[in-house]
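Presented below are the structures under discussion, each in the form of structure tokens.
Heads up, the next two complexes both have subunit A, just with different partners, subunit B and then subunit C.
== the complex of A and B ==
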């Protein structure tokens, strides 16, 4: 009863506050205007007339994520990297995923999942490589692909990871490949600068006022938006296999983890 | 291009709802003794604040910030929603997920080692 009274009073006070604010017009024209900064981003996201300023990507969100505010995203990739390193450090010495019996769910579920997994991979790759054209990008595609690891663990049991040939060390290698690809794209302008002596900036994508370095905007008439497609694809690899590692660690058998933990305690 | 009172009320109500959700989730993080419930409250707080950020960039009569062939640039700039909160929320979601995963691993480890997730009992543990 007390909980109901608390819930009702919170809801009533929120509604009353909203009503008074509306009647008084205290918030002005909510949701009717675009900020100047937003107008600038929108005007520059795909603008071939202003080659020194534009990101050449019709998708404004991806343009901001990897071009206008690219260094932010780079730091964020580092945060994600550190979180997975921390998870791996907690589980150091526990790498065996298989062991024990376990056949998974019923035949119907397993067959349907078998049909779903190729579609999932196709959708994830499509989201990643079209990230600069349509809503989507590396993070979303990575999260989409990571669903497969949960499906495998739940539907086919934990043993299926070794059956399909994915283990933690392979996932770590693929994730590192993605991160190295991001680093290569980020540092290419600096390497170019060191080799030719010309001016170039970190994460530079196109021609700037004082720098002639640029990544190709299109390939055979297809828009690839300079660095955006490469960074999206690399981030796709890094994020999806990062999640693979995490879900594989979370689905480890309790006995194996306990054994490793206790063994470590005795050693110290 | 004007809203009637009901529409303005609903927009304002959404804003206050998000703030109230954030406040309740902070209460959950601070007061609840169970680590699991603290983590759940933290994810609710993160989601409420992400939706709040999207809400700040939202416009009522608008199109998505994706330039479609055939749409004039001036029309696009005049109509599209603010893409910056969306980009920031995109990164915030991934960071939030990474933090949540790390906390889940820590909580799992605490449970395996000490057999409890109650902070009142964890505090009393020695060695």
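== the complex of A and C ==
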């Protein structure tokens, strides 16, 4: 009886949701019309004829994320940064990631993973540096690279982090490098403005109506879309090593963490 | 009938079934795997809805990182819910 009620209520909710979103048009008739806001973004994302308004990136999502609403993304990055700081604060005093005598999974799994890791790195870098041309960007690439940290911990055991030369302090340094690079890109227009007296805005990527400041849009004929490629690459570093830190800490054995936390409590 | 709509219906049903299995399963490791299957179905849905940017972040997070984080946490508690 209980299962029947569950099945009926699930089916009813699905039918209701499907009806409201399609036939009743709660989200607008999908695919039939393009909303004005969407049309505006599509017209402005890459439009060399409207130099003061365009983001000079054919990838509309990245253009929106890092240019049209760039400050939002900046604050999202700050939120992620604070979350990692909280994780580091909880695990304070744990500097080496090792423990247990684990050797990981079977040889077959380890060999397959060894083949997958270079592909994973290549795809992640490609998603990051092509983020302004094709779907993708810094966060996507960072999440893709971070999967390696899970593979290392699960397939090769926790000890593998020190074997491949990644430890928490290195990951923190690389993540900070990414964040500093984002800050440099964000503040460059203001520094330019302070030095030359010309008008320029925070996070400005390309020329505006009253400001001639711009980041180079192409290099040797290759489109780099102003700040977008730099912000994507820096975000890639910050996000991937942020996740690396979290997964290195999570994969630690509880005894080892407790030992180092108690050590701190005893004042040693 | 449009193939995209058929595929949307198919993968959303797969997602629904695995959501139900994940919620009702008492073995937490199995529940996490059901949840990952549901996420894979949702990744296809997002691709069909023409959101490749979201797919690229959804696959590593929901199939890789999120189940991994949950497995680490389950490893620190009991494997079966409610005991």
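The working rule: the second predicted complex is superposed on the first by the 235 of 268 C-alpha atoms of A that agree within 3 Å, B and C clash if a C-alpha of one lies under 4 Å from a C-alpha of the other, contacts with A are read in each partner's own complex, and residues count from 1 in each chain.
Definition applied: contacts are C-beta pairs under 8 Å (C-beta built on N, C-alpha and C of every residue); 3 or more make two chains touch, one makes a residue touch a chain.
Keep in mind the model is a prediction, meaning the values are calculated, not measured.
**Student:** Please work out whether A:261 is in contact with subunit B alone, subunit C alone, both, or neither, and reply first, second, both or neither.
**Tutor:** The answer is first: A:261 touches subunit B but not subunit C.
**Student:** Is A:136 touching the first partner subunit B, the second partner subunit C, both, or neither of them?
**Tutor:** second
**Student:** Once the shared chain is lined up, is A:251 touching subunit B (first), subunit C (second), both, or neither of them?
**Tutor:** In the superposition, A:251 touches subunit C alone.
**Student:** Classify the contacts of A:154 with the two partner chains as first (subunit B alone), second (subunit C alone), both, or neither.
**Tutor:** second
**Student:** So, does A:146 touch the first partner subunit B, the second partner subunit C, both, or neither?
**Tutor:** It touches subunit C, and subunit B stays clear.
**Student:** Return first, second, both or neither, reflecting whether A:10 touches subunit B, subunit C, both chains, or no partner chain.
**Tutor:** A:10 contacts both subunit B and subunit C.
**Student:** State whether subunit B or subunit C is in contact with more residues of subunit A in the superposed arrangement.
**Tutor:** Higher number of touched subunit A residues: B.
**Student:** Quick check on the superposed pair: does A:35 touch subunit B, subunit C, both, or neither? Answer first, second, both or neither.
**Tutor:** A:35 contacts subunit B only, not subunit C.
**Student:** In the superposed arrangement, does A:237 touch subunit B (first), subunit C (second), both or neither?
**Tutor:** In the superposition, A:237 touches no partner, neither subunit B nor subunit C.
**Student:** Taking the superposition as given, does A:61 touch the first partner, subunit B, the second, subunit C, both, or neither?
**Tutor:** both
**Student:** Following superposition on chain A, which residues of subunit A contact subunit B and also contact subunit C?
**Tutor:** 10, 14, 61, 135, 137, 139-140, 246, 250, 254
**Student:** Spell out the residues on subunit B that touch subunit A in their complex, using ranges where they run on.
**Tutor:** 1, 3, 5, 8-9, 11-13, 15-17, 20, 24, 57-61, 64-69, 73, 76-78, 80-84, 86-87, 90-91, 93-95, 98-99, 101-102, 104-106, 108-109, 112-113
**Student:** Using the touch definition from the top, list the residues of subunit A that touch subunit B in their complex.
**Tutor:** That would be residues 10, 14-15, 17-19, 21-23, 27, 30-35, 37-39, 41-43, 45-47, 58-61, 63-65, 69, 72-73, 76, 79-80, 82-84, 86-87, 90-91, 134-135, 137, 139-140, 239, 246, 249-250, 254, 257-258, 261 of subunit A.
**Student:** Over in the complex, which subunit C residues touch subunit A? Could you list them?
**Tutor:** Against subunit A, subunit C makes touches at 16, 20, 52-53, 55-57, 60-61, 64-65, 68-69, 71-73, 76.
**Student:** Give every residue of subunit A touching subunit C within the complex, in rising order.
**Tutor:** 6, 10, 14, 61-62, 127, 135-137, 139-140, 143-144, 146-147, 150, 153-154, 243, 246-247, 250-251, 254
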